[in-house]
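Sharing a structure with you now.
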Amino acid sequence: MSTVGLNAYLFVAGLLFALGFFGVLLRRNTLVIYMCMELMLNAVNLALVAFSRFNRTMDGNLFVFFIITVAAAEVAVGLAIIVALYRKRRTVQVEELNALSN
Amino acid sequence: MTDFNSLLLILAIVIPLAAAVALLFGQKLCPCAAKFIAGIGFLAPAAIALWLWGNFGEAAKTAGYAYMSQYDLGMKDTLGISLYLGLNGISAPLFLLAGIVGLAAGWQAINAKAERLPQYLLLLLIMQAGLMGVFASIDIFFFYFFHELALIPTFIMIGIWGGAGRRSAAMEMTVYLTLGAMLSLLGLIYIYKASDWTGFDLIALREYVSAHSIADAVQHNIFGLLLFGFGILVSLFPFHSWAPRGYAAAPTANAMLHAGVLKKFGLYGLVQIAVPLLPVGALEWNPLLIWLALGNILFIGLVTIAQRDLKLMVGYSSVMHMGYIFLGIATLSVAGVGGAVILMFAHGLSVALMFVLSTAVYARTGTYDMRDMGGLGMKAPLLAGFFVAATMASVGLPGFANFWGEFTIFMALWKDHAWAVAPAVLGIIISAIYGLRAAAAIFMGAPSEAFQKASAGKAIGDITRAERIPAIILIIGLVLVGFWPHSISTSINEELMGDSVYQPKVLSTVQTPAAATPAAGHAHEESAS
Amino acid sequence: MNHSELLTQLSEQYVSTNQWCALWPEIALALLAVLVLLIDLFAGRLRARAVPFAAIAGQVVIFAVLLGKLGTCDPADSGLLFSGMILPTTLSEVMRLFFLLASILVCWLGMLYLRKQDLPRMEFYCLTLIVTAALMLLGQSSNFVMLFVALETVTIGFYILVSYGRNSIFSLEGGLKYLVLGGTSTAILLFGIVLLYGAAGDPSLPVHSGDSLNFLALEQFLAANPNNVLAKVGMVLVLCGVCFKIGAVPFQIWIPDVYQGAPTPVTAFLAVSSKAAGFIVLINLVTGPFGPMASLTVPLLSAITVVTILFGNLTALGQRNVKRVMGLSGIAHAGYLLLGIVALIQGVELAAWAVIFYLFTYLFGSFTVFGVMSHLAGPDDENQEVDHYVNLARRQPFLAGVLAIGLGSLAGIPPLAGFIGKVFLFVVAFQANLYLLLGVAILGVVISIYYYFGWMREAFFQEQTWPEGKEEQLAPIKVCLPHKVAMAALAIITVLLGIYQGGFGGGF
Amino acid sequence: MHDFFFYLFSALTVLTALLVVLCPNAVNSAVFMIVSFVGTAALFLLLDAFFLAILQVLVYAGAVMVLFLFIIMLLDVERSSRVRPDVVTVVAASVAVLLLAFGMGYLFLTGHDATAATMAAVPQVPGGANPMEYATASRAFGYGLFTKYMLPFQVAGFLLLVAMVGVIVLSKRLTGSNEAGKPSAQEIRESEVSQS
Amino acid sequence: MNPLELLAIILLTPLASAAIICLFLRRGGYWASAVSVVAAAVIMVLSFVFLLKWDGQTITGSLTWLQLGQDYSFDLGFLFNHEAATMLAVVAFVGFWIHVFSVGYMDDDRDKGRFFGGLSIFMFSMLGIVLADNLFMVFVFWELVGFSSYMLIAHYWDKDFAAAASKKAFIVNRIGDFGFLVGIAWAYHYYGTADISAITAIIKADPSKTVTGIGLCLMCGFIGKSAQFPLQVWLTDAMAGPTPVSALIHAATMVAAGIYFMVRVFFLLTPFALEWILWSGAIMTVFAGFCALGQNDIKKTLAYSTLAHLGYMATAIGLGFPGLAIMHMAMHACFKATLFLCSGSVIHACHHEQDMFKMGGLWKKMPVTFVAFFVATLSISAVPFTAGYYSKDTIIAGAWGKFAAGHGDAYAWAFGLTMLGALLTALYMGRMLFVVFFGKPNSEKASHAHESSPWMSVPLVVLGWIMSLGAGWFVYHWGWADGVMNALVPADVAQFMIDGYSHAAGGWEAAHHLFEESGAHWVEYLSWGCIIGGFLFTFFFYGRGPAQDRLQVKAPGLYHVFERHGWFDDIYDFYVSHIQRRIADFMAFIDTAVIGGLVVRGSGAVAGLVGMVSRSLHVGSIHGYVYWFIAGVLLFGAFALGLLR
């Protein structure tokens, strides 16, 4: 029997989410930013599974399934875009990607 | 319900629109065909307006309205909006005004030799349709709608065919007038709300108000919205900056219609909608309105004196005269409001006349700067005659319609706001100063050097037929009403007498619940004066 | 545990509600997308013409059938479909039409765009079709899983569409920005959903639900537990995600860049369909699950409304790139629409129709403008300045007239449709006593006049300092007859809708 | 035991996640990311989500992160990733994220806690009372996906189609240029950027 | 025929004439003059027919012109009583003869249509004032005479001075009308009606209902129209118009309309208002007299003389003798019209030379004119038994009578001033007479002068020889001048002047009676002395037909004061060109810079500025945008947690 409750899992998930956000804000490499976004999704998954477990419903787990599917598709598309952009600009650094601005 | 005359009423709106559409699709037509179509588009509403006006006295009326017809365009059930047309004693003269000025402006435009004439006429026809619609609408939403319909061409016309500084003038005017229009739209919707969603049908609204009046605080708010919304549209001081510049930049026919007719929208709205539906609000805002109207008369009057540019001067003078009309409305009495309506009619004709003649002057001098003119009267005596007549009309000389309006307003104003009469009457001096100064500078004396130089070797003729006919149409209107004011006052009087708000007794009883504020305000002004 | 029993139970409870017929338009669109792929594969030389034709014609047929069936069957009868994933309403029926119409027009714009570009062609239509189908589902979804999946289909589709002009760094950069920001917003939205799921499913709370991702269950839960902190945070995070879609402050920041970078038809698609999808989701949410939380949503959305209207309009002032103008003004329009949403939360039922009506006027107005933009755009699609419109009225009076109608409608000028839309919104705002918001809204409208008319001014007013020779340098703009007809139709509808609303005015 | 594993794996997950963020080298980040994902999978195990744990390792750690690594290598972005973030960015990001983390902590640490008691045993397959009851067997997934979540499942298929088409669109080389010989404006403007 | 209908025909005849000329005869010079003259003749004939048939009872009648509400109606009506009868006679008679004169005078003018149209409009407006039965209607025609005056002054509109003068006349009149209109509004609301007879009845019933303010406000109209202090500046400039216009409008009738109106509403005037009028009138007699001495222009001299005599009329009103004022108005109409017509004749003969010192020796060349001028000079100087004597001398005497009867010192001052005015009259008239007609021609133009055509000389004979000399005499000695008078003047017209007011305790007889009671016959002698002394002095001082003004040579400073009219015009000019214009420019500056610029466009600029700032937030960097997101999340979250409320 454990004393670790739902909130502990949620806190971890929240921390992961915050770290993901931190990475998005901090990093300049588009690829890493993109990875950090996956981290955020991962945090969501963790929270979802925790809730699912503690609420004793299957929907959360099924939702995670969809999220993973979507994330994979997103990664595929996102990497394609980054690669295409890299082909044009020879860079993936955020600060150099500001052709669109005022 | 829809008898022949009601059909005519809607035709007065539809025919110009149809002509506009015809021009839109017939841009490749020869110019004379375009002119012909446009001519029909202008002539028909004028003829219909005259006919309906002539039969107005005998026409069957419900709730004061004749020639009624109603069409549901899809919003009747949800928003209470329907195209509901008819004329009553106040709208009928203004409907006539729209017809007459429209005809004059149309004539002017057809002969204006403007570049891309079909488009020019097209826009003007849309404007004409809107103007006819404004005064024929019983539904206050459509009243607003038609106003906007008429307003839009103004911007485009100023932008394309306008004079110097048109780009910024058109923009300023557009933005500013949109603000006014939006405020008044809010006010109108607020009325809809405040009357328990009775709808936008003015007749029903009046019935509602007479059965259960709107709460005082709400009336205060709505009237404020409408006052400033309409005020901006009518160039109430200090919301007038758009007007002179806009008119100065506008092409003539457009300025005629806008300054002459369209501007009356806000005033008409105050007379027909705001005051009858919101008597307490009107009473509360009255002191401020009077001060602002005096600002129109005195401040703008002085500014007008300082103008050197003829068109700017006409523009400013038109702003100034709005002050009288506002004062008339502020009297909240049959006489004052009646005078205001007469002045609306008269001012519509006279300011349109001024614009026609200013353009005629420009055609001869090549400038609007009055310092560069002089002595034109020797070469164009008839034009000078017309111009002096127009000046005298706008100065308020008896024999022209304007006199009745101004004089009646002064007389009615004394009743509750005696202190305001003297400053208001000062306006007759001011307008004489700038009016006569202009007439003298343009037509009298020796030609200025600049003018001599500019006109050297050019034959300057007298007023042409194209210029003369609009002028004559307008002058006839002015003089007829000037000599026989009954021609329009009867219907106005009947309508206003039927309106309980403008009766002294009713006002005083309405006043009692909110008596404290207006009474205090009034006492304050008494001491201030 | 008897598996067959469980299966029977499952099929009774869930599978029996799977009425695929109710989703025939979506299915038809998906099939059409597949058909387009097949045509591309097999049609050979004909495909350049066949693909857009098939896409548009197919959609038109679906549109016509849908329009014909509109109102004949009452969607309320069908109730929950797909075990609560789908809840068709009259509103969503109308929105289906909306998305289809938008999709047809996007395909039309796509033809114009792709003609000038060296890009793969067929995939554009395929993606548009699938995205549209997903949008239609999004409008009907009544479960967060369904919502998420449909939304992600749309979003991923848009990632690709925005980057579609892959020869242009601007398009790709726009795609990347949309990707990162969209991904972030997806994460936020998901986090919100998770919190809602967790809170509503908590067995220790009253009225908890075993199906806590369902809108109805959630509504009941929130009504019983209005002060649950997790649920509240979850709700606002979900609203964050929706705000990203509709472009409301502070989640509007991506809009100008992405709109500018995206190919023009995609910009239109984003501006109209994506935004409309956000609003239909918002309507579903605030009338459904978040209904009980009005005390929280009203002040929040009111504040957003104010800031959104002002930000959109003020920022669009002085903006020279027309795609950015469309984006920023789109933010302002989102603000006006939020006005209707706030009124809706306050219990004004008409407000939903006001929003829908406004969306339709926005659709017609926007596509009218985008149609003109597509004609004027050169191969460098992101570079469309207001200055390029100088003297349009002379070079191509037809386009100038259409542009004027479109912009006028967007600005809310009578007698055009946009004006009636605004009036409708104002009326519902009045019904909900939103005076402050109304004041801000009219301020916004007034400001918007400046940039809309500034644009029109360039097109119409002759530049006094127009150099003589420059006019000849500009290539003449040709408008083919079908495009002319399409644009004229849009313009005429815009005008007619302003004068005669018919069923539109009355909630169909 | 459970507690220990929780602390262990959560610490692993969070710390590697932090390293993902802080590691200047993208390759290192990716590797730490894989570790973090594995840690998450372990937490899934603790939550009796065995199927998802497997999925997590297979799809995320396996497929997705490998894809990432592959791209990182392909693009060879070592050159620019050496640049350190400037102070302002660090401070701003830290402040923002600390606020966020604080908010999360406030939300999760102060709220009511479903105690460990609710971590009671779960069945392998759902019981009859609630067909969507939490269950450990992967069969339970099948029940859900093919009954209740049938429609999203189908749509997800189309989502993958979209992604597939999208990746092709973005990556494929056009064989026959539609309007060949017409230099586009971008090409002219981007002449300084050499084409790959 | 119904008397009201007849009056209506009289009133509308000139309007019809004006309309015909305006519509059809703009270029038909002679036809226009014919129409106008015929109209004037019709007016005269009908007026006299009417007067002869009139039984002396007040005739009223009105119809509503404009009705708004229950309490506001604007009526068109006639009030025909004694003063109206007098005024009608004067206007019709003098008007007709001046029309006739104009035919000759304007013979070579190319704008005859405009001129005669204007004259007809004037006749219409003037008759309107005469007949009007209510204040509103008076105001209407008041404005219209102002307009016709404007139009006729501007007849030579290619001349800058004519343009300026016409403008000035109208605007200054409007300043007077400002007070007038306020007074009308006041009276209308105070008495509840604008009808003169009704107000009379009210005041008769309750004399305490007079209000000084109303009287003073109404007086403003009179001050403007009759060119009294301080609005006298326009009248001398108005001489820019053709001479017949000066004669008809700016001497005989229109300027007297102010007097006429004051007489009509005499019952409204409180003692305070009367005293005010008295002072202003009396001072004007002297002031204008002095100014007349400083003029070289023949018409300007006469204009100042007109001012002075309007001052006399005002004095008469101020003394409380409205009938006397009316009588003086009638007499003045005769002799002043004559003087102007003579000057017109002279000017015409000298080819529009108006400088007196360029004339001289004209009496031989223009005997008819000379005789008329001479007779009128005597009359205006109040030489006994001429027309002026009966009215003007009675005013002076009346002033003394009032003082003697113990009404106050102000009357003594009035007496003194008017007496001085009489001396001045003799001085400037003598100066004119000797300078213009005696001696030798001082210029080429004068030496070629010759008598004018019959069109011009016949009116001179009628107005000058007969009326100037005989009018008063006929009136006064009516009883034994029957035979002569019957042929020339309708009996009743003259009679009204006497007995029309005798019973009103404000007429000629009352004044005369008061004077007789005081028994101060030295006053008579003094005034004779003034006249004789004045003529003698001028005869010796100026000599016959001098080429320059001796006063100007001897006392240039004094002359300059007279010439500059006490710098009144300069002050006004300064006001207009500096103060008013500066104010207007300043207001225009405020309007464009502050209201239009700072507020309106300023707010636009602020919006633009805010837009620039918010636009600059789109930095293009993804990082920058993600901050928005995190800020949004934090804000939303804080909101949900209740931290922001």
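For clarity, chains are labelled A, B, C, D and E in written order, and residue numbers in each chain start from 1.
As a convention for this text, a residue touches a chain if its C-beta (ideal position, glycine included) is under 8 Å from a C-beta of that chain, and two chains touch if they have at least 3 such contacts.
Everything numeric here is computed off the predicted structure, so don't read it as measured data.
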{"item": "Maximum centroid distance from chain A, chain identifier (CA atoms)", "value": "E"}
{"item": "Chain nearest the overall C-alpha centroid of the shown protein atoms", "value": "B"}
{"item": "Greatest separation from chain D - chain, by CA centre", "value": "E"}
{"item": "Between chain B and chain D, centroid-to-centroid distance (C-alpha), Å", "value": "68"}
{"item": "Whole-Å gap separating chain A and chain B, where each centre is the average of the chain's CA atoms", "value": "64"}
{"item": "Inter-chain centre distance, chain A versus chain C - centres from mean C-alpha coordinates, in Å", "value": "26"}
{"item": "Separation of mean Cα positions, chain E and chain B [Å, integer]", "value": "37"}
{"item": "In chain E, residues with contacts to at least two other chains", "value": "604, 615, 618, 620, 622-623, 626-627, 630-631, 633, 637, 641"}
{"item": "Residue list for chain B, restricted to those that touch at least two other chains", "value": "175"}
{"item": "Residues of chain C engaged with two or more neighbouring chains", "value": "145, 148-149, 152, 156, 159-160, 163, 166, 169-170, 176-177, 180, 184, 202-203, 210-211, 229, 233, 256-257, 447, 450"}
{"item": "Complete list of chain pairs which touch one another", "value": "A-C, A-D, A-E, B-C, B-E, C-D, C-E, D-E"}
{"item": "Residues of chain B touching chain E in the complex", "value": "172, 175-176, 238, 240-242, 245, 299-300, 302-303, 305-307, 333-335, 338-339, 375, 377-378, 381-382, 384, 388, 392, 397-399, 403-404, 407-408, 410-415, 418, 421-422, 425-426, 428-429, 432-433, 436-437, 439-440, 443-446, 485-486, 489-490, 492-493, 496-497, 502"}
{"item": "Chain C partner contacts - residues on chain D that touch it in the complex", "value": "107, 111-112, 114, 118, 123, 125-128, 130-133, 143, 147-152, 155-156, 158-159, 161-163, 165-166, 168-170, 172, 174, 177-180, 182, 184-187, 189-190, 193"}
{"item": "Complex contact set, residues of chain C against chain E", "value": "176-177, 180-181, 184-185, 188, 229, 232-233, 235-237, 239-240, 243-244, 249-251, 253-254, 256-257, 296, 299-300, 311, 314-319, 447, 450"}
{"item": "List of chain A residues in touch with chain D within their complex", "value": "1-12, 14-23, 25-29, 31-32, 34-36, 38-39, 42, 45-46, 49-50, 52-59, 61-62, 64-66, 68-77, 79-84, 86-93, 96"}
{"item": "Interface residues, chain A side, partner chain E - complex", "value": "21, 24-25, 28, 30, 33, 94-95, 97-102"}
